[in-house]
């Protein structure tokens, strides 16, 4: 019986049920079919393996392609300005002066301001959902609502910011006595702050829920209060996860284009304070890419894209690494 | 039924088999003694090996069950009881063999009168029926029957106690029965042991069924 | 040392305690017999209760260890051996008690001549020394010593075998010693049992140390 | 001792209150946004709005039919490209956890996930728009497909990794070949996770604007030719919202409202379907 | 000295409407070791967690009746007090992974915000680790993280952590079910040490373990306390037929 | 009839450079039940998984030597065929959660793409479920998902699934360690049924289980096969001191 099993492996044509004819019980018949099929399946197996491997290779090719494209297309700008590109304080395409310092500053200001505003809220939501009320309709509602924040397209935030938030900020600015423009870094930060709450919140929530309940029980059994459990068990256990959430939020804020473009005011000047209008790297590209009428200008914009790419990728990778460290 | 229960059941069956064999040994010995049938006595002597084999087998089975099933509670008590009963039955087998040996050794037929005087046959009958009754009480987990054994053993004890006087009287009356009389005394002594062993067995039965250790103490409570 | 080892150790200590007690019972019985010291005999009879208590205690302890620790392999064999040795020791205690009872029952001092003729004292001494040696072999797991017991038991068997003739000769010589002689016969019969029990104990020791069942079979191999 | 304990308990209670207040504060802006947009947009939506093209400045009325059609086509094309690719890649990653290729592939997917959408727009511009000499819906779809890819891959991979190894072993032990183990056992068991990843990625790209700016570009007319520039909802919103005309703002509010409802529905639908199809392990 | 330390009077526990512990009355003498046995889901864990009021941490869980600790109803005390007096060790070893071995042992003090002088902390750590027979194994690596220890060592560390708070009663919920046989036997040996100074209540599925380590055994069945007796008696001569069926493996 | 069905000749298994099974030679007679015991990490699971070539599914795992099934080296056969002949049941019950009970039983056919007529499927399902003593319990709910069953029922379902393929050998890796005592005893009873028709090889940590269910026992220690003997002999009179120390709980 076994020899016929062996035969199947060899490419020799299969005799139908060789060796099985002696018995004709239902089991042997099915055994027969089983073996015939299996031969075909060994080939299908190999094809399948190869397909998914090719797909995996393709992803690598894709990303390499993206990087190569960016680098190649920004070669003109890199050659002409070099590193000074980053520190140049003036951006004047008409005069072919491409210094991105104002946008760098704008990007960092908006992102960090947004981060500072959003983090307490994110962590509060994370604790609320992860520790205090993990189950029930009200926490479910909160969870879905917060997830919704992430689902709303950024262009809608931008539109709403432009139509509703900017006038409010303008009133606020005139009240505290700065130039009442409305559009500017502060407005963008507010919008961004709302938009990035869910990232840190949902990651934080899952990290907090991952804290083994037996650790919390250990603390409770030693007579700890809830606050002490949070401070001494949950926070230490999740700190790198929470930080990773912050990094992901930051990455998101840095790369965010449309909402910022619509409310930041779009000027290439160095912002004087957080209420000034400005530009971020992304918003410059969005605004000027189709207007770039000569190669160096276009190349400069692409180099800006490259910088943005590198910064966001680095920030994101740090976040990812941290998450991996925690979940492992 | 769990595997353990199966095993216990088969041990029980085996023990009952041994029991029947021992009973038949005792009965044959009685017949051999009464009829002075040396061949029958020799048969008993031969079959003693089978009793021994039974004992070994049951001991070994118990050991395996201990090792493999880790019995507790009723099962443990049952096994411990089986171990003890096993030993006791083997002793009874031994005694039957011993008595048969006397019969084989003895030079001539025993004096019938001696039997009557010493009540040795009654003793034999009692011992055999006690053994049978304990077996029944074991088969049926019947502790009432087991308890009744204790009283019946006293009859044997009384006969045994009276034996020395009766035997010495018999010898004094007729010196020629001396050899016979000494044998009969030895037989009586042995039968008294059978009574004791049976009593022990009854105790073990009560021990495992009711989990009371009756042995040695509570002499008064014993009688229901 | 695991908890189980502790428990086994304490059972061993207890069993050795019982052993010493039984030995001293036997020695006292011998003295009582030789000196016809009825008080000493009564003391033995009284102390029989302590032997019984020991037996119960050890049985109970073994039962608990079985139930609580589920012993296997060497531990299991040790416990089974302890159970059997325990029973045997109790029997020996019983025998000492029985002999003492004869001494108490007997109307006058035993005839010293009888002792010499029947070698009963030698039998007693042998039995006592065999018991002590098995104890030592148990304490030290010394199977060589345990094996030597089997040969020594044969001496007792021989004396026992010769007993009927010797006793009947003695009675025939002097009718007045009849009562004494019957008692001595009973004592010899009992001492033969002691030899058997000791032999059983030695078998158990070999069983648990070497895991060989010597009982009943391999009669030839037994002798080293 | 007792005072100390009371103090500790008090601290605990205060912190809890703080957490609750902050949590619910998050919800406020979202509700404002939703209400505002629904208020502003829902009145604009009618049959005419859905079936007509936008009118030039000055004329009232007009609709967003071109954007609706365009968005549907662009998203459908992107999905066709990204979903099978993403799922197969996710399978590879989950089945070859430790291989070199998996490491690099995973790294690339991670990178891709962090790439700002605008940068992907740039890349698509150079890959398709320039060689084909003109903006096209196809280039927009490719850009969106690249955006979808990491979401689909990661959700597939994570779902499959969550399935216990015992499941795989059960299948292997029955003598099943690799592809059957995956397609008949592993994927069906993880279907709800994979689907939710797919649907979320669709929801996500529906609202993407930046990569379309220099690819699909926008088109005031209705077209179904994917090699031509094409209008899409987010593009329309962006263009009209930043215009100075109130009529166009109205169009943008209507479009925002539709986009929002579509995204909400997709999210809710995802929740339902994943709950329904969830395989109880 | 057999004074009662823990006593439950008509204790009932519920998960929502699910009545899982029913009218349990038990008196536990000081410095004895109690094993709690019973089939899965019979309420052993729930009863155990009721004793130090961990039960009520689960949402929807309620309880009725009294648990007396030294004659005082724990329901009337603040749970923090109760838990300081009644330590608990769980099924899976749960040392705090972010703390060193040293800090793990005094985690109870740290968590409770009690500042101790270094010398006193050292004493407590050494003493507690010695009690759980871990001192010699870890004394040179006190600053390492607790999660580097083997399973059995971790569990002993958790016991040390509970012991460091000097509780009167220690509760164990299947303390060795996540350990391999060798670690199990080290932890079991430890029980024999601990029983001299503490009252131990050990929930276990492992009948042999209950047999080996406990003085008395409680048998739960469907939320009821069916039998509570000497362990030896329980295993050789149980009174209730349900107990006997359970320990002899004759499940209905 | 004691013909050898599985035989290993100098079998060695490695995880990378880690040599975990060392020169194992064992002959397993047809229709006997083998228990494999040994301390944690001694290579029991690895050896078992070597038999039906599940070992090599783990990245970096290699093996040397022969495993003969009916005299034929399984290393030379395609793993798919080996696994059809040698079924396996795992530590945690793993029914396919997306399939009904019915489909779970014939999963080996269904998922391998073998089409059987309905009547034949019905026969196989009934037959297999009857073999594992599950038919009466589930015959009215064959269309329900397998994950609704209790742990013990799930495990029996997994056994039925393996049995449905009519293998010659069944491997079990700690089949009851995730089950409660009652389920454990149902599965153990099942072994007594199965041993009549199959060769069972059961890895278990539970010595009592090994004792109860097996005809022969293999004891592994540090990757070596130390002793392989009759179970009764093994538990009453083991030959190797390491075996004795292990089964009597005297760990080094």
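In order of appearance the chains are A, B, C, D, E and F, and numbering begins at 1 in each one.
By definition in this document, a contact is a pair of C-beta atoms (placed from the backbone, for glycine too) under 8 Å apart; a residue touches a chain by one contact, two chains touch by 3 or more.
Since this is a predicted model, take the numbers as computed values, not measurements.
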Distance in touch steps, counted as few as possible, from subunit B out to subunit D: 2
Graph distance between subunit A and subunit D, where chains that touch are linked: 1
Which of A-F and D-E has more C-beta pairs touching across its chains: A-F
Approximate Å spacing (C-alpha centroids) for the pair subunit B, subunit E: 52
Subunit C-subunit E separation of Cα centroids, rounded to whole Å: 49
Centre-to-centre distance between subunit D and subunit C (centres being mean Cα positions), rounded to whole Å: 93
Two or more partner chains touched - positions in subunit E: 80-81, 112-113, 185, 207-208, 211, 235-236, 249
Residues of subunit D whose C-beta touches two or more other chains: 8-9, 175, 177, 180
Per-residue overlap in subunit B, given as positions that touch at least 2 other chains: 2, 4, 63, 67, 70-73, 76-77
Listing of all chain pairs that touch each other, if any do: A-D, A-E, A-F, B-C, B-E, B-F, C-E, C-F, D-E, D-F, E-F
Parts of subunit D lying in touch with subunit E, wherever the complex brings them together: 4-5, 8-9
Contact footprint of subunit F on subunit A as seen in their complex: 2-3, 5-6, 8-9, 26-27, 30-31, 33-35, 37-38, 41-42
Residues of subunit F that touch subunit B when the two form their complex: 185, 188-189, 192, 208, 211-213, 231-232, 235-236
Of all residues in subunit E, those that touch subunit A in their complex: 52, 54, 57, 59, 80-81, 83-84, 87-88, 90-92, 94-98, 107-108, 110-113, 158, 161-162, 165
Contact footprint of subunit E on subunit A as seen in their complex: 135, 212, 214-215, 217-225, 228-229, 232-233, 236-237
